[in-house]
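In the two complexes that follow, subunit A is the common piece, with subunit B as its partner first and subunit C second.
Let's look at the complex of A and B:
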């Protein structure tokens, strides 16, 4: 009964937060903050992908930003090559990036910990080189779609042409993806991941297909990154190779840990830290790189005192307050 | 480069400027020039620069800020001061989008002046059209800057300046095959080198584009690539820093005489002569988009005077600075023709689009805007060579031939600026 009440309370909280972000936030935010919040929402989705693999399997994927780039690349290519509606291009971008994420999971079959992290980081570096060498489509012809010209027009969804509407749209898509992850965590995949996290040998003994479930997690993570990349292409209307350096994946992963890897709110906090904090510093006339110092301190704090991240601390405090009353 | 070497270069640059300024020391002339501080309701004007590795394009906004400060001390815009809001996009597309939105939508600036950035124009070109705000830019380097109805730049950009350098190199240096070294950015290095290739082809010559990653500039490898291509000339289609880096690599390899060295305007910078040294004497040819720093024209002298009196210590004083000064001057002259109470964005945009036939000794031709879908008023330049520790003009004003300018020449005919 207590569990059901707790779930009900969390559902209501999540719904209220969602409605606030869809309807209130776009209405009250200034033009620059619409852009900043849109970026934060998009990278919250990407952070959820990174934290999913870490929280469920204990594996570190440092190629998430590169996968965001892949999603963005596919989105731009489909935008210029076809007349598909935004939603279909979005789904296709997410699906193709999910396949790339699945391929990235192959090393995970044999590696864990530091070695897997390094391999995914190397993969991110390889994508960085590919993005630089081949660039992002800008309306040119051929498979790569790059012409030595100004970029063409990147379409936005029919109902979300303005920045405010696009923020609402990104929030809605992100919420849907969060629900998708939640359903996975609560379903067969979540049970399989939980067994693997505790002991791969025991999971196998219990009849869990370890390979399948690992691939599943990476594919879902890639799907989220691809969706984020496609939304980012719609937000900025163009992408460039400098925006997806390998090192950014480390930062995003660290912020996912700081936010709290096991909860959707942790990803939201990661998105806020990743994009809103530097913008606030900029707005105060301070160097946005100061945020890196704050992030370092926050990571130390998370490692030493808050393994569940800021989201975990908020949830614990909330539970403590309820039990006290 | 060692710190003391950089200090020496900076000092020599300042000394050079000091001598230049000394030669033309004069009181600045700004706006109404009545020595009365403007105190009315401020007119909000924005500016965006890109100042982060691999290049600093802040010269335009630096000079515009100095000129506006001078205007505010001299009557402003018929009593109203200009409040100039400058943002740095740090070569980051997301940040570029955010700062432009902040200036245009949140602050509601009437126009943007002095802009100089590689990423901002591409990201924000659509915003400027949708919001009907004009950008009088000063350090444009990408195609989007020259192919938009609401952006007009006082500088030429790499396409005309690069082709101008090639025209000289073919006619005077005997270039047959050039390596165009630029950044691997489709609407920057790719665009400019592509049009240089078309120009070379039209002259029966060859060209090879060597485009490198702006995020990890590997100057040694690009130099070796140029050697492998078997070219006889190198066109440095780069900001001053990386261009200088390639010259240093070539000096270490004693490769000065292997190629003819030519460059568009970014290498024309007061700090460059101190850096190049005797080794490069007479071997580096640069196309300059505006008048030489030590030229005797009124506007050039006024630029020096304004920067001396109103510039900040760290302000750049390069071609883009001259360009920023000129953009700001034309902007102020336009605003001064308007009723100060009716200075709103729409009226300012209409007034700027009405500019035609303005002249300056800094430019080789007339400055105009017009109501067109693209703008490139400045496409004729001069050629200088590094000699005797300074830059020396080797060819006075000359225009380029390129089919890219066909639409531009039609505009000039429509405005009766050419026959």
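Let's look at the complex of A and C:
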């Protein structure tokens, strides 16, 4: 078909965008905007996890923000309890969150559609309660590690102490995770997922262990959420139990759909909508809640005219231009 | 040898299979019968998609019914489906490769097996075409290649000839006949095309309303009065 862009072109575009975000963006952004962009990158990563499960298996996971909270909790816990380098704590947080994500997927084996969405949303609600009850570690004593005033500090990676360097660091980690997802989609997992979403019977007949592949998708999604949470802990240094309400997962999921579920760029757009747009509105002296109205309109737009999301529209527009010339 | 004993399947009030017993040892066996006779249900029982109410299936001493569908596939039981469902985004090569993804053999070996299966069904030049760009005959052939790629023991084909033209049906005939010699698998073939059954199957099972009404050498079975009556006088031979 004419509307396919070559792999080569897409690779170049992704690389240029990556280099821009690593080198140019941190250099030109002011202090406040560094924080905004860092958090946008982090939530783009979390959105990729939710959109992956949706695009590959058609399953809705509304607990992604809660998993980001889990990743953040583990990261802070490890920071104060151990002297592990940032990278190792990051990996451990991601791995532990991946296991939590895997457990969340167990209902997915029996349910789909609305019921699964509701079950994950209830799980997110449960985490919200846990976060409020136990708070996030800030260097206090005991397993929960909460003190009235933080006696310690969340360490950042050796190479990325400043906010600007930390933004570059987050972009690099996010890009690595996106590559991980890409490799999954291209390989055995992607083949299994494609068959499952076409027909589970067909997949089984081809020898695909449908349960394993579903669990796998959720585990990978949890891994991304955990990485995002750990990066967020490094960015903010302190996490607030009120930052991970269940409803935020719905918003992030909706934005991932608006951005485009099947593509990394869709997740980036979701991150921008989720964090940059409200900040821009704020900057203009407008109420940030206005963003919600914008998002609602964008979601309607996506559902009605752009099933592939904004990323899909940009892709097909550029493919169309190319085929026209 | 596939030994099917007393298999009974009921869907609510419908008896889809009524105490079916058959021993299958030929290279290619046909399964025919009018619409709703229970042909697909029999294949679903063998491949694990329908759990029979009673009966057993034994293949060379293995109780097949204890395995889940994907384990049966990995054990060497391949099947195609009456309704085509091809994942549109995967290339032909990847659609076939799925059948090998559970194996630990080296990549070069897998590539070779894929090449051989595609060559066998005549799809070599479409290796990189996406599933969504295939016509229905090409989709059928991709499915057969997937069935063959992991050196199966048994291949169950549910109406692979559905909607094929004259030359395509001829190619399918050759393919089915050669499966045993090229891949070593036994074939069970469901089809409404009696010419295809006659050309490929040494023995044929005839089902009607869930009952096995005939099982024997294809020619004998097709001349059977009861079989001709089951086809409502359409006379499968004419």
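In this section, the second predicted complex is superposed on the first by the 319 of 325 C-alpha atoms of A that agree within 3 Å, B and C clash if a C-alpha of one lies under 4 Å from a C-alpha of the other, contacts with A are read in each partner's own complex, and residues count from 1 in each chain.
What we mean here is this: a residue touches a chain if its C-beta (ideal position, glycine included) is under 8 Å from a C-beta of that chain, and two chains touch if they have at least 3 such contacts.
All values reported here derive from a predicted model rather than from experimental measurement.
Novice: Is the number of subunit A residues in contact higher for subunit B or for subunit C?
Specialist: B
Novice: With the two structures laid over each other on chain A, which partner does A:146 touch: subunit B (first), subunit C (second), both, or neither?
Specialist: First partner only.
Novice: Does subunit B (first) or subunit C (second) touch A:314, or do both, or does neither?
Specialist: A:314: touches no partner chain.
Novice: Between subunit B and subunit C, whom does A:250 touch in the aligned arrangement: first, second, both, or neither?
Specialist: neither
Novice: For A:207, using the defined touch cut-off, is the partner it touches subunit B, subunit C, both, or neither? Pick first, second, both or neither.
Specialist: Only subunit C; A:207 stays clear of subunit B.
Novice: Where does A:199 make contact in the superposed view: on subunit B (first), on subunit C (second), on both, or on neither?
Specialist: A:199 contacts subunit C only, not subunit B.
Novice: Quick one: classify A:191 as touching subunit B (first), subunit C (second), both or neither.
Specialist: second
Novice: What residues on subunit A does subunit C touch that subunit B touches too?
Specialist: none
Novice: Can you check the complex and tell me which residues of subunit A touch subunit B?
Specialist: Within the complex, subunit A touches subunit B at residues 30-32, 34-36, 39, 128, 132-133, 135, 138, 140, 146-151, 153, 163, 236-243, 245, 275, 279, 282, 288.
Novice: For subunit A, which residues count as touching subunit C in their complex?
Specialist: Contact set of subunit A toward subunit C: 1, 188, 191-192, 194-195, 197-199, 201-210.
Novice: Residues of subunit B touching subunit A in their complex?
Specialist: It comes out as residues 90-95, 97-99, 101-102, 104-106, 119, 122-123, 125-126, 142-144, 147-148, 184-187, 190-191, 193-194, 213-215.
Novice: Taking the complex as given, what residues does subunit C use to touch subunit A?
Specialist: Per the stated touch rule, the residues are 47-49, 68-70, 73-74, 78-81, 85-90, 94, 97-99, 101-102, 133, 146, 150.
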